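Below, chain A partners chain B and then partners chain C, in two separate complexes.
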Partner chain A sequence: MRVSFIVGLLMSLWTSQVFGVEPPPLSASDLPGDDGKAVLLLWPRMPYEASQVFYVVQGAEEPEGPFEEVTRFPSTSRYRTERRAPFWTWRKGKDEHFFVVRTIGGTPLESSREYYFRLGVDLGEGPSFGSAVSALPKPNWFDFKKLNNFIFMVLFAGVVLWFIGRARKKELFLRRIPGLDAIEEAIGRATEMGRPIYYLTGRLGMSSVSTIAATIILRDIAKRAAGYDAQLKVPHTDPVVMAVCREVVKGAYLEAGRPDAYKEEINFYVTDDQFSYTMAVDGMMVRERPAAVFLMGYYYAESLLLAEVGASVGAIQIAGTDAEHQLPFFVTACDYTLMGEELYAASAYLSKEPALIGTLRAQDVGKAFLTTFLVLGAIAYTLGVWAGIEHKMEYFLDILRDFP
Partner chain B sequence: MFLRQYVPMAIAFVIGVAFAVQYYVPHPASEGLLTTVNDWLIVVSGFSMVLGLASLMGSHWAKVRRAVPGWGYSLVVFLGILGTLAVGIVSKGKMFAGEGLTLTALGWVYDNMLVPLQGTVFSLLAFFMASATFRTFRARNLEAGLLLTAAFLVMLGHVPLGEYIWDKLLGFLPSKADQVMGWIMNVPNMAAKRGILLGVGLGAIATSLKIIFGIERAYMGEGG
Partner chain C sequence: MSPELLGAWVAAGLTLAIFSFLYRDNPFFKFGEHLYIGISVGYSLTLLIFNFMIPKWWTPLFREGRMSLLVPTVLGLLIWTRFFPRFSWLSRWAFAFIVGFGAGITIPRMISNFIFRQVESTAVPLVSRGPGGVSFGWEDLSNFLIAFGVLSVLTYFFFSVEHKGPIRPLARAGVLFLMVSFGASFGYTVMARVSLLFGRMYDLVEYSSRGYGYATLILLGIMVAVFSAQALSKRREGE
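Moving on, here comes the complex of A and B:
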């Protein structure tokens, strides 16, 4: 009698805990900073959570259903801390769970349409659901996750403009770039030897900043080539770049006072196929044996195939690229290499225009700023690990993180 | 002057600012604008191929006409263009069933002529790399010596034979060849690479700003 009473008491306690469980209150809202095609669900942490206990989220397009399962996961996961978002848009913590709904039954959510969600708790006997809540996803005009990026861009633009203004009043120091100093020598050599100069603008189109930088440098080289009456050849892999380069070279010849020496054939199209272009240019180099080869812009696997042939025909070669994985090939096969940012600095260096030189100083300030942040970040995180508070240091690191 | 300078500068400013801001706007209108402009870009690129083809044929025709040395190569270009065109016209774009593969006649030309040629050129890279390496890795000074040592260690870590040699000769050391290679690639190499990338990022932003604000105009054929 006594034993059956105790067993009955334990059973009632167990059933009240298991079958009488109430799902936590669910809140649904538009996900901020998106294109209006997602809903954010939040609910508080509950005392009965365990790895065997599951949360089930269901969604519907109408308040009365039918509800379809959106996700199911162990109740010990998807805490606020697990979402990758910056501290200024998202509070981290383990006091709440979250889930971002983008589809219901495989159908993507539509903006400005109301959706209904309910949360269930499954203790192994099937989920018990709470009441449904609704949310209206709306598109936003600013993604606050990218606020750090935006502030940095505005600040950097301000620093660039300030230094341009300053450079117009005061002369700024510019360190020597041997690769650019050698341009004069390379063109002079080609003139003396009576051999052509080859100028390549890389593999990318005009939407690439490195191609734009290559066309800017071309202007200076074309001007000097026109002055020396050297033969310039610019084989292209992109017709749009060819059209731009024709204008650039024509302008340069005009500026050099040699419009009569300008020919449309200086810039010519070869093909947009990577290796066909490479072999065509290699073939021309072997036959015509240029005295100078300029390889500016962005390159892929053809970098070494071009630079080695240039070296084999005895050309003085100056390369400039921001493709960091091709730099070793150019360093190996070329006489001079403009590394990364030096490609962008070339126009300022060659023209000595104060406004352009000002931007170089702004780049230096930007680099100093980033280096300071990197050093401080490394120290802060190391100290954080040492003091056991590395999660707090995440706030600091968020400032420099990219949140797509 | 107005049409050649100020109008392109105004377009560069408006479009440059609009698309710098577009990155921060998740609204579908912003995404739609980006998609539309990308579509325009594809259309313009398609039309520009006519320009490219005219340039290609013009320059090669001039070589054939003047019978300049190597004019035979120019003739091959014409034969290639006309041959491919003829294959496309005669086959009328019909699909042909091959060995477990269905292709158009142009697809056959691409798969059986262009792809093997591309593979052949790509395979040449190994020989070019060997010759460049031979020339560069001569320990003429401290820097070249360091480069040679680092390259040798990375090579040892990459090939099974290297690991075998390492174990036989330097097996008493606490680190294995792949660990040394991993350290070289992930610490000094990665640090240098990131340094370059930081400079590239800032340089690209500065160049974009120069173009947006009309400070850099050399790409329009104007003095910069």
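Moving on, here comes the complex of A and C:
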């Protein structure tokens, strides 16, 4: 190891003494697919490269300088192949080096401003620089690295629309979710005991899918509660969600033929602070001892605090969340838990809305596609390792890979 | 009384008031609960006014004349039309914007984080190549478990087919993987919560020292006395 290092160093020094070190030709251009605050530098691989030979990149705001060092690295690194980029935007290989400049002297680059760069080669006696080149970073409308994300979204949207169309024409099968059977039982129990039903929609706003699902399930529960003349209470942490839920509950009471039983106070605002909301709901549960508690939507650390108090007052608890970190607490403290996508499935099952059923069926198609891709990817990668060509499998896996 | 001493008494008193919920619902807890809600609403409102409304809306719009901010202003005002039933339909424009904007921001991020990154971590080789050739080691076993776990959990979440026949054992395996993961997550979080409890306990112990006027002990004594008096009066009422 040490011998090869010394030999390499001597070879590099000899080459530089005999032939002179000519820095490689540098090309600078705007980095495509960004916010216009980076420049891409490229230069070809040179014969004198060795681990003890360094490339030095300098940058300046004016053509005459002053140039400041941007980076310095061994000449055997930063080949094109080392950059994480998809095959449709970036050619991999070891014939060129690259460097992405984002700052000069600690100052971030500004878009639409010209910058100057020069490349030096350092054999241990100080770098010798080539001539300076310029680049003008500009913002781009589209990041082609994320083309796969866009195509996946468009294709999936197409599948969703197609299944929604099919769901409108004929009934699509959805398997029954066990937790849903308990809803009727919970509402019936609350009616018999003369105690209230608590329905919580989670901690997120209306832009969250889980909150939307929670409001859809609320419609079904409010309709049943209106039918049984049970007392429903929906404490809120988000005013927009409260406004939407008021409409939902009002509509449900109308559908049940009980508009007279509807009260605006069914939905009420508590606070948007996480733990004061939790404490308030806990306090109300202890005082009013609800017979049924529904915890639908997205939850954070308050999940166990709510579910544990609900269990302590003897309520039937049905939870549904896509917050995977909170699922263990609901599984532990609730009678039934709708896990992750089961929450969306429940909303589709209860509402019988073609849009929701079609979306759910499309999600199943998406899952089938991903399952197939995962199996094929794992097999291809394994065979690639077996044959010693695993790097070629990267092209296949790039199709469903995230490129930040 | 120094501000530090006063702070210690308030902190000890409110901590004990909230912990008293473990005994039962009581006036100390109700006081703490209402104080907490009131402060949080007041604090959020102040934060909203001074950190958002004034620097991001009032100053740019009315002092700097940035007319583009009229768009969010109008959308925000449309939400208020809910108070007037005749015009409440206008609020749907604002809600449509909120939901549409949220979906537009969220969907590409969801695809990146919840699909592409998961696929990348799962579609991995199930054997390794070392100096001695191809082998199957512990890391490969781990990769296999990850891949099998993901596939079986995905199978559990298929809603278009009944969990019968060959799907059933795979879906059951998916539930097992989920429960193992929930158990690990539960244990981890409980440990974190216990460490939070330690933090409060350390404070209570510190505030029970002479330097803080035995705040914890005196306040705890008052609470115990009140609870005892309550219990006695209830027993007499019962008799």
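Simple rule for what comes next: the second predicted complex is superposed on the first by the 384 of 404 C-alpha atoms of A that agree within 3 Å, B and C clash if a C-alpha of one lies under 4 Å from a C-alpha of the other, contacts with A are read in each partner's own complex, and residues count from 1 in each chain.
The rule is short, and it goes like this: a contact is a pair of C-beta atoms (placed from the backbone, for glycine too) under 8 Å apart; a residue touches a chain by one contact, two chains touch by 3 or more.
Not measured: the values here are computed from a predicted model.
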When the two structures are laid over each other on chain A, do chain B and chain C clash or fit? clash
Touching partner for A:S347 - first (chain B), second (chain C), both, neither: first
Per the contact definition in the header, classify A:V160: touching chain B only (first), chain C only (second), both, or neither. first
For A:V286 in the superposed arrangement: first (chain B), second (chain C), both or neither? second
Which partner reaches more residues of chain A, chain B or chain C? B
Check whether A:R175 is in contact with chain B, with chain C, with both or with neither, and answer first, second, both or neither. second
Between chain B and chain C, whom does A:K250 touch in the aligned arrangement: first, second, both, or neither? first
Check the residue A:E96 against both partner chains and state whether it touches chain B (first), chain C (second), both, or neither. neither
Quick check on the superposed pair: does A:M339 touch chain B, chain C, both, or neither? Answer first, second, both or neither. both
Applying the touch criterion given at the start, work out whether A:L370 contacts chain B, chain C, both or neither, answering first, second, both or neither. both
Applying the document's definition of touch, where does A:V240 land relative to chain B and chain C: first, second, both, or neither? both
Location of chain C clashes with chain B - one stretch out of 60-68, 78-86, 96-104 or 132-140: 96-104
Just which bits of chain A does chain B share with chain C as contact spots? 146, 149-150, 153, 205, 207, 209, 212, 240, 243-244, 270-273, 275-276, 279, 283, 287, 324, 327, 329, 331-332, 339-341, 345, 360, 363, 367, 370
Partner chain C, residues of chain A touching it in the complex: 146, 148-150, 152-153, 172-175, 177, 205-209, 212, 240, 243-244, 270-273, 275-277, 279-280, 282-283, 286-287, 324-325, 327-329, 331-332, 339-342, 345, 360-361, 363-364, 367-368, 370-371, 373-375, 377-378, 381-382, 384-386, 388, 390, 397, 400-402, 404
Residue positions on chain C within touch of chain A in the complex are 18, 21, 25, 29-30, 32-33, 36-37, 39-41, 43-44, 79, 82, 91, 95, 98-99, 101-103, 105-108, 111-113, 115-117, 119-120, 122-129, 134, 147, 150-151, 154-155, 157-163, 178-179, 182-183, 185-186, 189
Within their complex, chain A touches chain B through residues 33-36, 111, 139-143, 146, 149-150, 153, 156-157, 160-161, 164, 205, 207, 209-210, 212-213, 215-216, 219-220, 236, 238-240, 242-244, 247-248, 250-252, 255, 265, 267-276, 278-279, 283, 287, 301, 304-305, 307-308, 311, 322, 324, 327, 329, 331-333, 339-341, 343-345, 347, 351, 353, 355-356, 359-360, 362-363, 366-367, 370
Residue numbers of chain B touching chain A in their complex, please. 20, 23-29, 31, 41, 44-45, 48-53, 55-56, 58-59, 62, 69-70, 73, 114, 117-118, 121-122, 124-125, 128-129, 131-133, 135-136, 193, 196-200, 202-211, 213, 215-216, 218-224
